[in-house]
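Just so it is clear, A, B, C, D, E and F label the chains in written order, and each chain counts residues from 1 on its own.
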Amino acid sequence: MHVRAFMEEMERLAPPDLAEDFDAGKIGLIVEGKTKIGTVCCALDATPSVVKRAVAARADMLLVHHTPLWTPLTSLTGPTASLMRDVLAAGLNIYVMHTNFDHAESGVNDALAELLSLENTVPMSLGLAGDCSLSLTEIARRLECPLQVWGKIRQLHRLAIVAGSGFDPAFMTEAKERGADAFLSAELKHSVYRASPLPCIEATHYALEAPAMKRLALRKGWHFIADPPVMHTIP
Amino acid sequence: MHVRAFMEEMERLAPPDLAEDFDAGKIGLIVEGKTKIGTVCCALDATPSVVKRAVAARADMLLVHHTPLWTPLTSLTGPTASLMRDVLAAGLNIYVMHTNFDHAESGVNDALAELLSLENTVPMSLGLAGDCSLSLTEIARRLECPLQVWGKIRQLHRLAIVAGSGFDPAFMTEAKERGADAFLSAELKHSVYRASPLPCIEATHYALEAPAMKRLALRKGWHFIADPPVMHTIP
Amino acid sequence: MHVRAFMEEMERLAPPDLAEDFDAGKIGLIVEGKTKIGTVCCALDATPSVVKRAVAARADMLLVHHTPLWTPLTSLTGPTASLMRDVLAAGLNIYVMHTNFDHAESGVNDALAELLSLENTVPMSLGLAGDCSLSLTEIARRLECPLQVWGKIRQLHRLAIVAGSGFDPAFMTEAKERGADAFLSAELKHSVYRASPLPCIEATHYALEAPAMKRLALRKGWHFIADPPVMHTIP
Amino acid sequence: MHVRAFMEEMERLAPPDLAEDFDAGKIGLIVEGKTKIGTVCCALDATPSVVKRAVAARADMLLVHHTPLWTPLTSLTGPTASLMRDVLAAGLNIYVMHTNFDHAESGVNDALAELLSLENTVPMSLGLAGDCSLSLTEIARRLECPLQVWGKIRQLHRLAIVAGSGFDPAFMTEAKERGADAFLSAELKHSVYRASPLPCIEATHYALEAPAMKRLALRKGWHFIADPPVMHTIP
Amino acid sequence: MHVRAFMEEMERLAPPDLAEDFDAGKIGLIVEGKTKIGTVCCALDATPSVVKRAVAARADMLLVHHTPLWTPLTSLTGPTASLMRDVLAAGLNIYVMHTNFDHAESGVNDALAELLSLENTVPMSLGLAGDCSLSLTEIARRLECPLQVWGKIRQLHRLAIVAGSGFDPAFMTEAKERGADAFLSAELKHSVYRASPLPCIEATHYALEAPAMKRLALRKGWHFIADPPVMHTIP
Amino acid sequence: MHVRAFMEEMERLAPPDLAEDFDAGKIGLIVEGKTKIGTVCCALDATPSVVKRAVAARADMLLVHHTPLWTPLTSLTGPTASLMRDVLAAGLNIYVMHTNFDHAESGVNDALAELLSLENTVPMSLGLAGDCSLSLTEIARRLECPLQVWGKIRQLHRLAIVAGSGFDPAFMTEAKERGADAFLSAELKHSVYRASPLPCIEATHYALEAPAMKRLALRKGWHFIADPPVMHTIP
């Protein structure tokens, strides 16, 4: 498949005009390699380890959620130079679907809702709210990461979820208005917690977003490369 | 003591010109009440609960680290109106020492270093690095909060600490240059972890900063009002 | 009446989307008090005197034209702290209708036109022009303030009016194009006078805007609280 | 005298680096005419009438306080084209001393203080405060304009003055701290009056600044061209 | 003809809303002179020489492509004062058609295409591309200026042209997409040449834009005043 | 030599703090390759051809005047991806000295002055002025590029030079004040020529700056890679 055809297919899956303004220039074909795409790998981030495994798998294309070139560059040095050396030398393409995939139908948030078996879902500005029949322990098991629960959850019939870093006061107010009993996301700040209208369930960023990449790889017959953070809780 | 004299004393403890630019207008006497200061309470945040307890204790002054009026206001509604009603009705003053207290000698970071028994400390742009003889379990015990450890800590002879939300790539590079084996702070973002030059130990924002307020209260003979986040870890 | 119902009624009188951009966040419910609205007072400004009289009248709501919280606040000190203490302690709501009421039908400018018996009026970008059969002396009498007349008025058949601080060169050019013989407003600047295409009649800001608040109070059965500037002319 | 020598003399009188930032490019030689300066006229503003009288007096130089080219121009049309035609055709130079003359020793504010016989004066950020033995009626007589007195003046031993448009809350606070009983300036805004810490005496902009130009002309043997606003008070 | 009627005719030729945003306030009647327009002169720039010749020809109107008042002015000194003295004293109007004339039908680019006998032309964002049967030597002859040819032109069947300073990477990419073999414009920068997708033919700015003014003068029966740069090539 | 040592040596030659603000992040080590530097190549630009020749020469370092990464990048595609692939794959370092080398002693402008045998030179804000005994034909010969001479040069005793794109009105005024008879630089704009106080001699950007790189290579024993623009003049 020509890289152009691959890009068009991805643009149908995650239309670029769904992306937030801050993603301008940071989604789509971010590193240009070979024009013919056979093997495709898929991951959350283009870490050095992911790139090495993609190259070892003779991938022509690596599809990721987070661009490896976020901060605009006027030099290529240090770890970025090493990473780009590996990528360019192998002729590997990197294609990024970020907030356009967050907002897309069957995108990042829908994949998370499916994983958590949410029902009767309603969309929010970002993420969604739905009926939840899982225990917190079961949620942690399915996400494959420990949870930090902030505030007292009196009941958990209805859960609001925003994959990634979604503890935004506006979304949390919206979740409460939609009847949520708790709000699940990642990267909770102290000041946001202090003003939160709902109890907060904090998972890792990776745990909430990787399922969408994994599910996409499964559907497309690509190779998903897992690279979760190495993290443990004490005590 | 006249409120003016109290303010001068606090300005010696945490000189306003040590504050970051973003704190302009957000430190010092933030709510003006009675002019005569007898009873002083001290806390990390001016939460509704803290204010109620301060009023119940007949405090004239509440000294906090985080201002209750962070976002510039053109209206007084909702929880802020309720809080200000309680504060103003009681004639309670609120005085804020924020990044000026972070940077001050015997300030927020020094208090944390003392709590963790760090030795041979060297200052960083923010926070400091020092020799650490505690186990992670003991650190968690002293901080009274669970820790999330990101990455592999091969040894922990030297620890860098930044109280509050201090996982900033610049500080982390600085910590590595100063020989740190790990970096302790709060509110770690996924993208920062991915590029981190050091293993990260994530505590709560409250656990890292409250000790300084508690120690200050102890020294001054004030009443410290604890109000830690309600948080537990699953599994 | 619930405060929500009161707000909806006011939004019909002075729709928020008629307001200028600089009024964003500065109109509507500016201080939140009791939720049940019985007694309503009305004034041009929420001065300390007006607030004290409203509280003495056991008002639940004070409706004003000028917000008492114009400059965004990150502290509550000095006169603003005193004023807010009185307001919040009494559970008094403050609701503001500013440029949305200037532009509204039956709003600030229409009330002024009615007071001055203007006929055959045509709207301008702000304010309006109409036939005027009053003498300057009679205008001063109805406005209850002295007038300063700048330039020579050869005839006064048609008068342009902009309540408040409306001596804007663009409006004055517009007034001339609409056949006005003179332009009535407040707060004339020297440089604007020098380039003015029309003679200018300068009244006080209060005199031009208070009539609308008074008329509204009359129609609604509220209590209007007068608080004109203390001003006299020499010689 | 060569125009260059004239400019140097004026720069000693009103050093350009005393000017406010907003005067950048708007003071000094604003219109360039003949290089040899014999007859000099002086006025507050370069109005059409002033220019015609200066040309009729065969002036080579017109020195004014307010530039006729305040708003940056990309076209010369309407009244500005007419004015510049008269000025350029006559080879008349226009030289502007604005905020640099306000701040200069023996400048605009000092001339006003002298006219009002102020004694024991102390400088403020702009303007000054001094002992005043005149009645309000006598002040009005000397300024040759009516006064509007805002608020109640209980006594008038010490008067703060700022020539031109000087009712700035910062200056008014400063005046109070320097013991002033009232504040004299021009162009008082309603919102500033409402928060004023002092009673305000409002004169015309012209009346406060023209004396300095007149005095300068007298000292230098130039011709002062008066052009006060045509203004009267009703009733 | 009244100047107003002349302006309306010009606005039909070069509609102001075709102009680029940076031309705001810099097109149309830039200097206002006599209201009755008899003799009209036309040139590319209002240079001192052009103005003197227009005045000598007793012109009432000088129509130019480049405004003489590009940089916003707060003073009239030096060469600009001299030029405006000549223009205003003679009552000469100056009317400017700039980027609106570049984009207009039968405008600057169309005139250039006609001069170079381009056929089968297609418009670009600015300028156009067309079939060209002239040799480079013939192009130089018609433009009456030497050419600098950058890069190797293998064939020249199709030529893209942008009158004025048009070597913009976006236009050059567009030209290539429209099948151009080379790109003709003025003021080529080194960095643009290095990244150019096409060979570049560089003429003078004057040579590319003057033909449109000359052609317009011919059509309207005006007097075209030539004032090309004095330029020669070495060796 | 370690790359760090090489960088320190270059920083002595062209101190980074001499650079203009717009060069922030765009000078120094722009692409990081091998840490051990043996063979060094030097050129004006890192064009594809220059890079290929440097790689063929087994260079470890390519020192250039113009960075290949001027516009901040969030993707690596098209010609930039190709270029970076070649550079990174070869482990080639790219080091940039731009405006810091323009301003440095023995830098870009000094090399040009030497090439043109200027004497009694005085520095300007950028570039310099000196006595010149060469004919225009000889200047063209030494620069190895044709010259365009704008305006009439009556005599050429003293010449101002600014290597690169230096036809800036401020520099040209400065040159005239320093007694220059003509101004030599590159990339002259029509509007600048029209207002120029001096005749202008326009060479190519390359011709003015490459000599400094060549001279530096000679002194250091590096290999200079020439890549002048392909340009010829018609007729």
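Assume a contact is a pair of C-beta atoms (placed from the backbone, for glycine too) under 8 Å apart; a residue touches a chain by one contact, two chains touch by 3 or more.
As the structure is a computational prediction, the values presented were derived from the model and not from experiment.
Visitor: Which chains lie in contact with each of subunit C and subunit E?
Guide: D
Visitor: Hop across touching chains from subunit A and tell me the fewest hops that reach subunit F.
Guide: Counted as steps through touching chains, the separation is 1.
Visitor: Shared numbers divided by all numbers used: is that above or below half for subunit B and subunit C, i.e. same or different?
Guide: Here the answer is same, because the shared fraction of interface numbers exceeds one half.
Visitor: Could you grab the centroid distance between subunit D and subunit E? Build each centroid from C-alpha atoms only and quote it in angstrom.
Guide: Roughly 46 Å, centre to centre.
Visitor: Using CA atom averages as chain centres, what separation in Å is found between subunit C and subunit D?
Guide: Once rounded, the distance between the two centres reads 32 Å.
Visitor: Based only on mean CA positions, could you tell me how far subunit A sits from subunit D in angstrom?
Guide: 65
Visitor: What is the distance in Å between the mean C-alpha positions of subunit B and subunit D?
Guide: Distance between chain centres, rounded to whole Å: 53 Å.
Visitor: Find every residue in subunit A that makes contact with two or more other chains and list them.
Guide: Within subunit A, the residues that touch at least two other chains are 70.
Visitor: Which word fits how the chains touch one another: line, ring, star, complete or other?
Guide: ring
Visitor: Could you list, by residue number, the parts of subunit A that touch subunit F in their complex?
Guide: 25-26, 28-33, 67, 69-70, 72-78, 81, 84-85, 88-89
Visitor: Applying the document's contact rule, which stretches of subunit B touch subunit A when the two form their complex?
Guide: 45, 47, 66, 70, 79, 136-137, 140-141, 146-152, 164-165, 186-191, 193-195, 204-206, 229-235
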